[in-house]
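Below is a structure I'd like to ask you about.
Note that the chains are named A, B, C and D in the order they appear, and that numbering of residues resets to 1 at the start of each chain.
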């Protein structure tokens, strides 16, 4: 995570000559010091994507002035754009069920300041991790999700997320399918870790599916949640080798290590504004 | 590949007490020196699998006597079993189309004696690699496969395979779907390399499917061919990392490196009698 | 981790004909049900290594009788051997410093019963993780290690380890060099995670060394501690890709993920009696 | 490899505000269409590195005019810079010994036009691959290297390399140590594949060294050759998992697969002008 303070400028627009020149001239004209810059041009879609990291101290004005001044360029090139200030910590709400490996992993990174975020609360459909979470000084909300009470449960979750001004919702092996309404409300702001190498083994019990098929590697996929189950834009994936001697329980155990690593990597890309959406795909500026 | 000569004994049978004792006592009674031994017990199927590698010179009799003497134990335990002699080179018939990376790779290994096999011939639906193959002193057969002439083409292929007493048929990116008849005729003897991480992206143009889905790793799968397209028992798989900047052509190029490595590894397991079939899955005794 | 109860028999002896026959006949004669068996014959050293996992309930006697009865075979073949009962949880003493990623990881696995062990205490040269450890209901001992007080500190650590009847000492990024005396006292019982891919970058600040050399992958090594710093038998290693944009801090952060995974895997092999020592090398029966 | 024609502009200079603005404004002013752009700022060295890929057809002038016009900016910022035209195929001279896996791999890629290069000749200290190379229509030169005749052998090699106007010399498991004179004559133009994960196992017989140390992964390193043996800037590395059952011969065999893949990847980065040198390290703009 950055030690200096940066503005992170991300944008996409129709590709044409002069985009980089316009942006970099604007930044240079104000003395902006660029520490990282990444471009991508999609030849099929004729669309251009960019991420710039600019030292806050190098500019003579603040983020609001940047927004105002930059908007002229943005309008000229028809940009979808966003600027973030790394001094403002992102607020991450974690949803968890009874499986704690991703929770331990994320709180461990938070405790070590490896992830420089605020975690205003953890929400769970079980009370399992209450005291563990509270020990960290983080609020814990037990919101059971029953078949009949599903709508009211998700109303509570959305209310909480709004109340704490959450930036991103992380489903850290939450094991519940969000309602359509929640999914469409927060596009690109809900991150899930699916316990298979998508698109293989969509849906329930992917490790048992993997065992049944006899695959030689299993994986995990970090993706944005959309109303289509396990079909959202993929942020990160990885795999681990298994063999015939691995029972479904052994696959589950090996898989957990991949899940937590992949979720942490995907979440980091998101938190550092390294992920740009392009239809149902992602551009990751590492 | 072995420098000494071995018998490779592979078997499976219903699991019960005393199998290993019976087998190892039999081998030890005749002075047999075991250089490798691998076991697997499937707890669900209650089935036992074993592979033993025995030094030929340590036994006072030949393979025929071994077969005769061992058959009593095999019958007692209800074994499916097989014994191979590594001094007898396996005869590998390679089928190829217009993409040569797996062919170069396999012939390179053959030339270096890294794979101690006989390649009686290479068969292709195109004439592309004739002179390259023939330069190696290997016969090349151009058997075009047309829509109408499919049956007669496969009759020729089967005839050739029989004529050269082929042990295994390797589809080294052959790009043609074998007829049902050929598939069922050689169970566990036809090896294919599929250019995706199965079960993802079955069928045609898997790299384009992968590009469309935006996956972050692509892979290849070496499997036995069955009448169900891309559904046969998986022998080996591997993946390679890709990103948003990779066009379908770039995926194809990266994928080729995985394909040839995975095919070579899977084929080696097969050639060294390390693969046991268990329904639609494999046990790989590496 | 096993759900059923097993005896785990591990042994090594000079290689010769009849070892497996003698062992398996002994086990079968008493009705012993073998669920896993692994062999390795080292052709250079002419030494044989074996691990057998036997269902406790399948035998008509307990571990003491097993030891007594088996000792005749062991003597005959000149075996170094060991039998463990998986119902007896291993007692793991964790040593940690100020970096908590491995500690979070191990306690997370312990909490999830993914590692079925007892952790009688955690020892640290800093007080950083006291309340976190104690929250888990595990005793925490702060034993500062100063230059002058090194000997007395290690006396305390050894006393504690003995007092709690520790089976294995895990240096979970302990960052202190044990005294020669401690190292030789517990051969094969002290496990360290070194933050480089050994034998590269022995000693201090390996990530800075890696940065200086410009390597494209960094790694971590789980090994037994011997008096020779970072020279002990390697249990497990893994790597992760890095590039020119990674500062030493970024290498440290990426490396942590490898460290905790590699330590957990190596420790698991040890706990399940899958590691046999052979000089300065290990045989890992996965 | 590119299907369209590009100029590839690579440069480095002291870091300061306005570099990108100056360059991109220059390119945009002439209508230049940038298809790929990569930046790197080294915070320690305060040095900036860049690679731009510009469509040839989008510019109203040729490469000589580009050079002339751009030189003013280059001088202003104190740039080390280079521009290449992808329509001009690079000329790759391959040096090989008796081990052919890298040669097969490279010629296979060349044959498939996967590497769009010219191979004016192959040089070897053995005659082993003459007819294989010549079959491809490539000249083969047998230049034995004896202890006494070393200097004259390398004189011949340099003469040949100059005569065919070689751009890059690839040591595809050449197994000979180049003279100091040759190394310093072609900085950043001689690429070697070393059969270990450097800096582990420098020098001779790295697989035997790896076997002796009992590592759990072996690797290969593609690097530029400098007068210090195996100490040159690393371009690419990778590893493969091994275990206790792998003899040195098995390590050699597994290692070959890594060697050829790593060499091909590293060479590709070089050919596509994706490698910038920075002291003894590389920046790879993938």
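Remarks
Simple rule for what comes next: a contact is a pair of C-beta atoms (placed from the backbone, for glycine too) under 8 Å apart; a residue touches a chain by one contact, two chains touch by 3 or more.
To keep track of the chains, here are their UniProt names: A, B, C, D = Formyltetrahydrofolate deformylase.
Note that the structure is a prediction, hence the values are computed from the model and not measured.
Counted as hops between touching chains, the shortest connection from subunit A to subunit C is 1.
Over half of the residue numbers found at the subunit A and subunit B interface occur in both copies, marking it as a same-residue contact. Rounded to a multiple of 5, the Cα-based rotation taking subunit C onto subunit D is 180 degrees.
Each chain gets a centre from the mean of its Cα atoms; the one farthest from the centre of subunit C is D.
Per-chain Cα centroids separate subunit A from subunit B by 41 Å. Look at where the CA atoms of subunit A average out and do the same for subunit D: the two points lie 37 Å apart.
Residue positions 36, 43, 245, 286 of subunit C each touch two or more of the other chains.
If you sketch which chains touch which, every chain touches every other chain without exception. Contact residues of subunit D toward subunit A in the complex are 17-18, 20-22, 24-25, 27-29, 31-39, 41, 43, 58, 241.
Those residues of subunit D that touch subunit B in the shared complex are 3, 36, 99-101, 104-105, 107-109, 111-112, 114, 131-132, 135, 245, 249, 253, 256-257, 261, 264, 286.
Interface of subunit A with subunit B (complex): residues 40, 43, 197-201, 213-217, 219, 233-239, 243-245, 247, 278, 280-284, 286.
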